[in-house]
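Note that chain A is present in both complexes that follow, paired respectively with chain B and with chain C.
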Partner chain A sequence: MNFLTSYIHYVGCFALVLIGLYVALVKSNLIKVIIGINLIDTGVNLFLVATGYLGGGTAPIFSKAAEQSQEMVDPVPQALVLTAIVIGVSVLALALALAIKVYDHNGTLDLRKLKGLKW
Partner chain B sequence: MVSPILLIAVPLALAFLTPMVGLASKSARRYMPAIAMLFNFIVAMSLLPKALEAPIIVRTAGWAPPLSIHLVAGPLGLLLSSLVALIGLLVAIYGIDYIREGARARYDVLYTLLLVGATGVVLTGDLFNLFVFFEVLCISSYALVAYRGDSAGVEAGMKYLIQGAIGSSLVLIGIGLLYGTVGTLSMADIASSVGSVAGSRLFISLAFMIAGFGVEAAIFPLNAWLPDAHSSAPSSISAVLSGVAIKAGLYAIARVVYTVYGASSILPFLAVLGVVTLLVGEMCAFAQEDIKRLLAFSSIGQMGLILFALALSSATGISGAVFLIISHGLAKALLFLATGYMIYRTGSRDISSLAGMGKRMPIMSLCFTVGAFSLMGLPPFVGFASKFTIVRAVLGTGSTFFITLLAIGLIGTVIEGAYFLRIVQWLYFKPAPEAMPEQTEGRAPLTALVPVGLLAVLIVTIGLLPGIVGRALGPAADDLLDRAAYIQHVMGD
Partner chain C sequence: MRKQISLLLLLIVAAGFALCLAGAPFGAEGARESRRLVKDNVNYGRRYVSKGLDENRCANIVTSVVLNYRGFDTLGEVTILFIAALGLGAVLYGRRAGASPDEAQRPSLILSTGCRLLFPLIMLVGIYIFIHGHLSPGGGFQGGAVIASGFLLICLGCRKKKLNSVALGAAESLSGLAFVLLALIGLAVGGSFLLNFLPTGKVYALFSGGIIPLIYIAIGVKVGSELSGIIDNLSGEVR
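Showing the complex of A and B:
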């Protein structure tokens, strides 16, 4: 119980990653797979923010409270997450654009029915 | 002296200027990727002699390394970025006339961005920056695989995107775990502080990163996307994907394992993975009837051999691996480029349609044969020199484990010889079909013959005089092996 309360944000974000991974691996609808990838992205971003989180800390901007550096959350992961969100959005946009093309060519989004390329 | 940061900044600026140049003149736009890569090649070559003595550290925004994002243009980084620029330049010249359909402006922008990403990956000294450049490389290659918008290309692009996106997320988890443990992102700074952290805490993040980068490096069992993506893309794109993009993934693995973690205990595992990848790739290639698919599977096999050589952890082994990266890059780019116009000529990708090509396209066939012989490792081509270095390195270790793996791996090389000789046989010794579907637009223009010819000349020249690149291989290997020197150069004063 103690473990859960102190690490609840890590448990939460890895649960998100696992749900996303499950969706991406198991679902056969292309849109659902893309949603799964996006869930993984969200989980990872949450995880990155959580690594720099400090209970009761303030935002890492120059202010009265921030003069004691111990009371500030770590700004580096927040900068990373900002970049990671942008990357995630571009991958998502590209994925949806390709999904439209896949539908145009095959008339379906069911991955089990895409058999153009096989080993 | 020019700063190595220009290797990234100038092509990046030119990439986004390309559509604007296109507004002024449609024909000028097609030369932009070639101009960007010519600049990169000249700058990288001029910086190389200096970097062989000591790595050039670029500080951004004036902060000393642990705090800022910095570039480390060491011998390995600059050697690989010269290779990226050289292959990029030749393929860009080829692409001027080869790409005939589709949204041309997007092709030029994405192509330059792909190469910027690869250059950034090999030059950066910051772990998160490595991830960002890696993503620039990956996203542009997803889009380029689907460039033609045909059914096969879109399906392959989608497959590649799904696997690549999950791989990138794994890398990011690994970076997050490592940052949570050591509290810094500079590779040199991490390298100097991982020694004091318990091994079990590092292992998980290392495993995440190897799995993530392994997707792009096409290491078995993460290679399902590669044969589809490389065979469905236009040939000029296949050439850079095989010649440049997958090597960036392998470089990232080597840099992380050797420099960041100094994890020599994981190397035997990587060596086994390398040999398995080699065998799987070569055996699948042997069964192919589609020429581009065959070349793609052969790339997987060669990546396995490079990974095996990287895992040897000796100076000769890593020199051999870097040498093989160079020789495979040149040869595979040549093969894909030559194949591109043969496919235009016959309209088919079947190996059997290449019958009699030796008479119909003599120069392309000759160059193709040079590339194929080089990949097989026949002297006097460059492939022989690089594979010989690896064999010598394995025998030099004197360990039964590595020698056994090499013996298994050599079976793969024999299979490789078998299928490449089969293609050469089709090219020269089979009569051409009676009614030849002659397509006049299939004739190779000068912009195709020059890059293909130059690649063939390079393969023979470096094969005869390995000393041309040999001088840079030793420092490049030390760049990976000597962590203390790396840390000292970056953190330095």
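Showing the complex of A and C:
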């Protein structure tokens, strides 16, 4: 129980990654597979932000009310996640464009019915 | 069968994660570790938090890291977004339209009037977010996403309206050029790419932080026009 209360954010983000992996592996609809990949992306982003967290820390933004710099969370993972979110959005858009193209070409988004994927 | 195999694979992956991360210091232990690293001057996060305000006069340390300490990284990120938009345009080029906009149901008067009423407000919020990116939470990427949501509203609500893709492309190219030019002026003036060459001003003022707000305005316009272009491409209009 003590483990869960102190590590709940790590448990949550790995659960998110595993759920995303399960969705990407099991679902046969292409849109759902893309949603699963996006869930993995979200879980990894959450993990990166959680590594920079300090107990009781505030957001790394100075204001006239909070000028002390001791209790701020680490800004570097947040900046990296800002990058990762934008890249995730562009990958998602490209994947959806390819899904549109697949639908135009085959008339279905069901991966089991796509003949070109079988060997 | 497929589900069982997937669950087995997930179990293996979860065990791998657990084994990898079992030895890493997290939580309170990790915080103690990071305090130890502060003393050795190798914890960059602590260093940016304690010195960033004096060095850049930029209240938002995340913005300071994104645009100053790791500005080159951000240039690469903007390039990735551009390449993804380009790839999306190339994949969807010359596509037949499924349902032409005339066949789709015309929006009702309330819907189209509401869209027209909300659109300038969404633009205002987006522009506010990226102009104040160095003072408050937010910045160019977030503000650009809000602006693109305004264009998405127009695409969904007012079917008759089409986005002007030439103007979008021009805004995107000019703002990207502005980013690179600002970085190159730093190279010419002080000898390093993306140097903060403007006077940094007073902390917490709107005109502070040197080139940081200027770059964030350029990024905001670029991201907004790029995401709007992506929405325009995905919405299925034939060009």
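By our rule, the second predicted complex is superposed on the first by the 107 of 119 C-alpha atoms of A that agree within 3 Å, B and C clash if a C-alpha of one lies under 4 Å from a C-alpha of the other, contacts with A are read in each partner's own complex, and residues count from 1 in each chain.
Criterion: a contact is a pair of C-beta atoms (placed from the backbone, for glycine too) under 8 Å apart; a residue touches a chain by one contact, two chains touch by 3 or more.
Source: prediction; values computed, not measured.
Undergrad: Is the number of chain A residues in contact higher for chain B or for chain C?
TA: C
Undergrad: Have a look at where A:L46 lands relative to chain B and chain C in the superposition and call it first, second, both or neither.
TA: neither
Undergrad: Pick one for A:V76: touches chain B only (first), chain C only (second), both, or neither.
TA: In the superposed model, A:V76 contacts both chain B and chain C.
Undergrad: Is A:L16 touching anything from chain B or chain C once the two structures are fitted on A? First, second, both or neither.
TA: neither
Undergrad: Classify the contacts of A:L109 with the two partner chains as first (chain B alone), second (chain C alone), both, or neither.
TA: In the superposition, A:L109 contacts neither chain B nor chain C.
Undergrad: For A:F62, is the partner it touches chain B (first), chain C (second), both, or none of the two (neither)?
TA: In the superposition, A:F62 touches chain C alone.
Undergrad: Now for A:L30: first (chain B), second (chain C), both, or neither, which partner does it touch?
TA: Once the two structures are laid over each other on A, A:L30 reaches chain B alone.
Undergrad: For A:L94, decide between first (touching chain B), second (touching chain C), both and neither.
TA: Touch status of A:L94: both partners.
Undergrad: Residue overlap on chain A between the chain B contact set and the chain C contact set?
TA: Residues 17, 21, 51, 76-77, 83, 87, 90-91, 94, 98, 101 of chain A touch both chain B and chain C.
Undergrad: Show which residues of chain B lie in contact with chain A when the two form their complex.
TA: Going through chain B, the ones touching chain A are 128, 132, 135, 139, 142-143, 146, 149-152, 154-159, 161-162, 165-166, 168-169, 172-173, 175-176, 179-180, 185, 227-228, 232, 284.
Undergrad: Under the definition above, what is the set of chain A residues touching chain B in their complex?
TA: My answer: residues 17, 21, 24, 30, 33-34, 37, 40-41, 44, 47-48, 51, 76-77, 80, 83-84, 87, 90-91, 94-95, 98-99, 101-102, 105-106, 114, 116-117, 119.
Undergrad: Would you pull the chain C residues touching chain A in the complex into a rising list?
TA: 2-3, 6-7, 9-10, 13-14, 17, 21, 26-28, 30-31, 34, 44-46, 48-50, 52-53, 59-62, 64-66, 70, 73-74, 77, 80-81, 83-85, 87-88, 91-92, 95-96, 136-137, 139, 141, 145, 203-204, 223, 227, 230, 233-234
Undergrad: Of all residues in chain A, which touch chain C in the complex?
TA: Touching chain C: residues 6-7, 10, 14, 17-18, 21-22, 25-26, 51-52, 54-55, 59-64, 69, 72, 74-79, 82-83, 85-87, 89-91, 93-94, 96-98, 100-101, 104 of chain A.
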